[in-house]
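When the chains are written out, they are named A, B, C, D and E in that same order, and each has its own residue count from 1.
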Amino acid sequence: MTFFKRYLLPRIIQYLVVIFIGTTVVFVVPRLMPTDPIQQTIERVTMQGTYIDPDAVEELKETLKELYGLKGTLFEQYAIFWKRLFRGDFGPSFAQFPTPVMELISISLPWTTILLLLTTLLSWVIGNILGGLAGYFSHYRWARILEGIAMFIRPIPYYIVALGLLILFAFIFPIFPVVGGASIGSEFKLSWNLIIDIIEHAFLPALSLIIVGTSTWFITMRLIVSNIVTEDYVSYAQSGGVSNKEIVFHYVIRNGLLPQITGLALSLGQIFSGALITEQVFSYPGIGTLLYRSISTGDYNLMMGITILSIIGIATGVLIIDIVYPLFDPRIRYE
Amino acid sequence: MGQEIKLLDIKNLVKVFTIGSGFVKSRITAVDNVSFDLESGRSEIFTLAGESGSGKTTLARIILGFIEPTSGKILYKGKNITEIKGRKEEMWFMREVQPIFQNPFETFNPLKKVDSYLYETVVNYGIANKREDINSAIDEALNLVGISFQEIQGRYPHEFSGGQLQRISIARALITKPSLLIADEPVSMVDASLKMSICNLFKDLKEKQKVNVIYITHDLATSYYVSDRIAIMFRGTIVEIGPVEKILIDPKHPYTKILRDSVPEPDPEKRWKEKIKLSSFEEREFLSIGCKFADRCPYVMDICKKEAPNDIILDGVTVKCHLYSS
Amino acid sequence: MSVLKVKDLKSYYISEVFGIKRTVRAVDGVYMEINRDEVFGIAGESGCGKSTLIKTLLGMIKPPLTIVDGEIYYDFGDKKFNILSLNPDESRKIRWEYISYIPQSSMSVLNPVRRIRDTFKSFLGAHKKFEKDELEGLVKEHLSALGLPTEVLNAYPHQLSGGMRQRVTIALASILKPKVILADEPSTALDVVVQRGVIQLLRNIQEEQKNIIIIVTHDMGIHANICDRIAIMYAGKIIEEARTDEIFKHPLHPYTTYLIGSLPKIGDKSYRVSAPGSPPPLSNLPNGCSFHPRCPYVMEKCKKEFPSLLNVEDEHRVACFLVNKEDDNGARD
Amino acid sequence: MFSTIKTLFKYNKKFAFGFTVISILVFLAILSFFSPYDPKVWNLTPRDLPPSIQHPLGTTSMGQDVFWLATYAIKNSLFLSIISMFISRIIAIAVGLVAGYKGGSLDRILMTLNDSFVIIPLLPILILIASVLKGGLNIVNLGILLGFFGWAWDARVIRSQILSLREREFTYTARLSGMKTSSIILKEYLPFIVPLIMATAMNNMLWAIGMEVTLAILGLSSLEIPTLGTMIHWSVNSQSLLLGIWWWILTPVIICIFLFISLYMLSVSISEFLDPRSRLKRIEVMKE
Amino acid sequence: FTQVAPQIPRNETIIVDILGGRVVNPKRFNSWVIGVSSGTDSGIQQLMLEPLWCVEYAKGRVLNVLAKEPPIYNKDFTQMTVKLREGIYWSDGVEFTADDVIFTVETLKNKPGMSYNTEFNMYVDKISKTGKYTVIFDLKQPNSRFHTYFLDRWGACRFMPKHIFEKVEDPLKFDFYPPISLGPYVLKDVDPAGYWRLWERRKDWNRTAVGKMYGMPKPKYVLFIYYGAPEKKAMAQIKHELDMCDLTMESFRAVLQQNQYARGYRKDFPWVVNIDPCITGITLNNAVSPFNIKDVRWALTLAIDIVDTIGIAFDGAATMGALLIPPTPAYLRWYYRPMETWLKNFALDIEVDGKPFKPYDTNAPYRLAEYCKKRGYTVPPESQIKNVFGYGWWKYAPEVATKLLERQGFKKGADGKWLLPDGKPWKITITTGTNPAHPQYRNGFAVAQQWRKFGIDVEVKTSETAGTEGTYGKYEAITTWPAQEPWGGHPDLYRTFSAWRSKYVKPVGEAAIGAAGYISRWSDKKLDGIIDDMEKTAWDDPNLTKLGIEGLKILVEEMPSIPTFGYPGVVGWDEYYWTNYPGAENSYQQPYHHWPNFKFMLPYLKSTGRK
């Protein structure tokens, strides 16, 4: 009870405040942009070659304003926005009017979240374990080689890594497909074939994310571990003849993970805003492209839907980590 | 009202820390209704001793104004120190009361030359502002602790031994000519032989500079050697207070007795005979309502577990124990 | 018969920081011989190389610590070896079964994120295979023998008081009944009452298991209380070594005299003189006897040569030209 | 200063490597001022030439000399990252120091702000702002923008360092020596967090360069200004990978790698050098 | 043999690229909502829905598709009669009749938010039928071009099946999935992630307009797929996994290099489609100083070396156009050729060497051919040069440009850079989009260089929101289309000219009515008059061309925006499975798979028989 009042409640209030600020920012910033969704719609119509009678344009604009809910002052719109948000409704997409934003998101979201969830976790685990090993056994040649590889991969722009993989494994050695999340004609019923097919399509995007993610976590972990190995408890365990395996995993990596946990929470939260470049390079269905497109088409509702989801995701991730952190670090108390 | 103003007058001081541990929150009364005073006009060395965690450091930090007491009053030269506000009053108080810390290596920023602290102190307190005046003020303070300015000039903390650093730390504190030094375990980190030289220094300062010292220690032998009065703390309360000769030669309180007996005598013929019982879960004792020592007391009586004992004055010594209450 | 024999041991900290070389001669020519069933104390000012000596005796040599010279022979009857010539695997096996170690500060030596139980498991598991419940039983039994509640097994280090943590490290060091326990200041930073408990504990263990305890502390009271023999170290060397009562009664080296003489006693307020000056840095020792700058009896010879540790009388050895008047530089075994 | 570099150079391989590479890169950046080609003009050389004596790194499909283009790219990317680094460091240090030392409600407000910055998804916001600034994202603007977004995490780290320094006894000594808050922060704490600042500064530079590359790849930065990002953008869009014009794409990528590794090495070695522990050792030794 | 998917043999399938990218809302086929594209170009407009008429610009004509014949207007253009083709059926077997047309127009008219809602409310008074196949529109006000709402030119009012939509409560929200089709193909499968849509030929293909017009479309399946960025399309085409696609010049080169079966619109240099009915160029903001000065606009034009521009932008592979209409064969025939003499004699009111300066340069295409030769390309024979590279452009005459500017008070500073009349440095920002494959984008960079060379400080600003900046007039020069596109297959220029009608000019800061043309915020009294005349002229009146020429003359004199070259469409065709694409040598149809006309191409394709 006191835990709730003294710790959880203020923390949750802060959580809500942070989300409120973030949401308000994403509400306001697009409205400061020069793009106007009505204008964008009209441009879309005319740029494609459809001829709108110039005399009809003004009326058309009014109609669209009405339909898109963009009438009224900024503040009125803001009030309506919150009212809708509480019902879990982000409103209709403009570019895909009148399809609800939620529906569009739900088409793309599963693809990205599963891909990113798995790759984020995997690269975190692999990166930290390898980083821990390389940090502890830093005098061995293999540790140096690993470090060299990570140092080499880390700075390559992700786009290049991804494109390189794609060209290598989908083009020069056509092992993996070039496009999409599943094969043409797949039936979306749960079956082995479908799962294998989906894995096959997700393999390269996942690999690229894992390679880059792993090397990033590796480098940070390597640095953290170089400090941990000088800790007294490590030398004490060594003096006690504790096996290297035990020391690496239960002493070095275990303690080194603590600072990495918050980082994990942040990157897990980010899976809701997608991985734009991965999606673009591998033509992988996902929320990143959707977000990017919503920005360029001035689709406020869609853009806000996705960013708010992402803000809530990150904030919740951090909140959960804050609450469960004592499980990982018994020294931390709620204070 | 005609009453003489004391140098330091502590009345019913209480400090409660709240620590929420997991789902349970606990309160620790680190300082529990402590009262004592130091007379002005004479200088003395006053020892605060007791087991670890009994609130000595907390008490010292309250007196120094680093933490706020939960309740109670501390009057320094008649001024309530919790009401000190503004830089001017603060500077006055810091000029009067200076601390000496336990770990001489931590007292100074290891990345800075030690003389910079002496210099800062002189300048900030407006003791001198011309270069040569500053130097002579520093030199003067250092002379009191038996070090010359040349010895320390331009050197970093790591270039000194613990004893030297502790002396420099004392010298720095003495620059403002304080009336009260609060020394929290000033010798626990230095070598056996240096320990005595610092104790001798305290004695010296008391006599020559008329400085009062609150000397906090575990080491009863040195406290016997340097101090005039001693207060024994146990779990936040002072269980026994009085002249050091009386208390350490003939302890009244059962805890003082155990404490006294646990001091290893540097004499192979006086090895410990009987065994003592160590408590395993100390927290429990904080929560009990009666005498906090009751769990470990060899003379425990029924009343001890129900009622907290009151102060009893006995032969110039004030003691908190039911054994003497009749 | 001697179990441990140390010959001319020199272990230095040799480091190079950004081009600046530095050698700290932390242990600089130490000879030692310790017999079965003996509590051997090492005293000396802080920074004189006590911990380094202990680490070397354990064979924990990690850069920058370097063994420059010397041998450390252990003779356990069934096993004889020079610990400095073992390979890492062998020395890992020796530890805890034959030689164990109680570190100087218990604050930071326990893994903060593991329960005490797991620490026991990993220390013991590394040396012996245990049946599922055997280990737990053994640990519980040992803990209660040491007066520790079994609840500590479920606790994390930070939940224990300093005294309990120190007792845990003692329990860890003694549970496999090693032949030698190296205790590096096992009771500093403890409350006097707790310290007393811990020292008693060590003594009990020694009485029960009949092992050698080498205990380092600069609290002479502790030495007086527990040790059979005491060595006094100064600047990386042993300068005096004798039976406990002998040292306290007849200290011979000027430094030892100061040390013993300056010890305060309750009930005695007479003025104590302490050794003037402060100990020299080990990386830059004066020529000759390292104590000579502080010695009131300094002679010309002291500034040039180092006196060797010689027998003065039965089991009392001193390194001082005041005592060892005759020039005896004979080799020793 | 110079002797410090000399010492580091002589005794730290990482520094020697990082410093050499960075010096070469800086030299190349300076070389851009003497370039015979205007980077904004196309068709100045024949197109798609492989490396040769005349064009040491070949030419692009737009008829530019890759080597000279790269000198501009290095200059601009470094410049951008330095702007970003300075701005974000100023904010991070100010917020971290103030929040850490002052504590209380100021700390809470600053940290809530900080958290909000941490959780806002950066890329979309950058893309948004890139369009608010109407694509006029020249090097300076982009640097300022990135600087403005790159401080939150580091401010947190600095704050926690200050929190632990605040508990150290020398803080009290300083206070009792009559030092004011500002001088305690500047004189007592800053020396401790300098290595941290150095390390995060290098990291921020790398992050800024990476962000620029991402924005450029998306076509959102000013593509006429040669930077590592725009070089990659143009070469990728001109299909240099498929057409086998490897010299064009590889140049910025390899520069990125070298820049990263050298900055990383510099950061590691300089923080090692400035690290209180190693500084103490040196102080100790040099005096003896 | 290869399969595209289970039971879909590769050799019976043609795989084409979706130009618009991934379909965000893949299971939505309702394309009657204003401004919404749920993958219209992934089969909906090509294979599923049919217009009444369709523009065909390869030959320059209008095809009757669902309509049996061109529209019939009454005298004052207040009534339009449409005769429908008979025997056309929806893919579910229901016949397409006048009822579907009437239902569609009424539904759109009654529901705000649906496309053509505003227009139909403005014009349609009553819609009725006389018999099953004749529809009569009674108009509220005269409109000689009312039928163009049903004329497909990438977008037209197409019809909804009455028998489906009449049961729907809200036609806005209805997804129309699975859709039924009026075209020769019907949807077979769709990617839930939106990357592809697979269509199958209708068994009753002969009951569709296409079938009746050209016979059976050859591929049994059409797969519309979006592979992603150009390099991926190229990779797919190299692997024979993409038969027709829209590429960038460089990715096309990569395809040619690695796929021996690949070809472009032309089999040889310059490969590109030069019959695209769009002209590229630089739109100038005539509402902003100094672009409101005619001399400045002309100076900027003469400061451009078109050969260098095309060289930089497309390495020579484009057709230059001096007029604000596309230089496609049809427009060359209708306007460029008839105007050639006038153009040659046209002079600016400035004298060079004592003679009025005649800016038209007939030599430019030959210079461009020279450039291409130098680049190592095989250039078409002399006779073909005008068709391939264009008829001519404006002279590269910086010295005349200098004179024009100096006449307006501009000066050159000490550093050789131009200063505005008020002495401030002249700095032009060219705004462009972010797609580097687009000619817009390349034009921006190429022209920037020309002007820089001329001594103006130019900055190119790429912007996601270039379109919006144009609409609000917040730009100086922008590379979006410089003029409203004409019909493409009909000489009427009403559509192009009306963007410059004075009543539509909006001040800076206020949104222009449309994009191309409108945003240049220029107008001219004489042109207004011509537009008024056009309104009163029937669609098939030969006078329309005369009016067009008069209008174009005004545009040349005033140069409100600068045309550069026709949109060079880069299409890659893989002849591994299919041949007989409508290439330059056999231009039987427009060549784009993303245009509605794609369906007319399908009956001509030939299978190679490769498995």
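Keep in mind that, in the parts below, a contact is a pair of C-beta atoms (placed from the backbone, for glycine too) under 8 Å apart; a residue touches a chain by one contact, two chains touch by 3 or more.
The structure presented is a predicted model; accordingly, all values stated were derived computationally and were not measured.
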If a chain touches chain A and chain B alike, it appears here: C, D
Minimum number of chain-to-chain touching steps separating chain A from chain E: 1
Other chains in touch with both chain D and chain E: A
Approximate Å spacing (C-alpha centroids) for the pair chain C, chain E: 91
Approximate Å spacing (C-alpha centroids) for the pair chain A, chain C: 55
Whole-Å separation of chain centres (CA-atom averages), chain A against chain D: 24
Centre-of-Cα separation between chain D and chain B, whole angstrom: 50
Multi-partner residues of chain A (at least 2 other chains): 33-35, 163, 167, 295
Multi-chain contact residues (two or more partners), chain D: 127, 131, 134, 218, 236, 241-242
Sites on chain E at which at least two other chains make contact: 231, 235, 464-465, 469, 474
Partner chain E, residues of chain D touching it in the complex: 40-43, 47, 61-63, 127, 130-131, 134-136, 218-220, 222-224, 233-234, 236-239, 241-243
Residues on chain C engaged by chain B in the complex (per definition of touch): 45-47, 147-149, 151-152, 161-164, 190-197, 199-200, 218-226, 244-245, 248, 258-260, 262-267, 269, 271-275, 278-279
Contact set on chain B toward chain C in their complex: 51-53, 161-164, 190-197, 199-200, 218-222, 224-225, 248-249, 258-272, 275-278, 280-282
Chain A residues within the chain E interface of the complex: 33-36, 39-57, 59-60, 63-64, 66-67, 95-99, 103-104, 107-108, 111, 163, 166-167, 170-171, 174, 178-185, 188, 280-283, 285, 289-290, 293, 295-296, 298
Chain E to chain D touching residues, read off their complex: 230-231, 234-235, 248, 250-251, 253-254, 257-258, 308, 311-312, 315, 375, 429, 431, 434-437, 445-446, 448-449, 452-453, 459-466, 469, 474
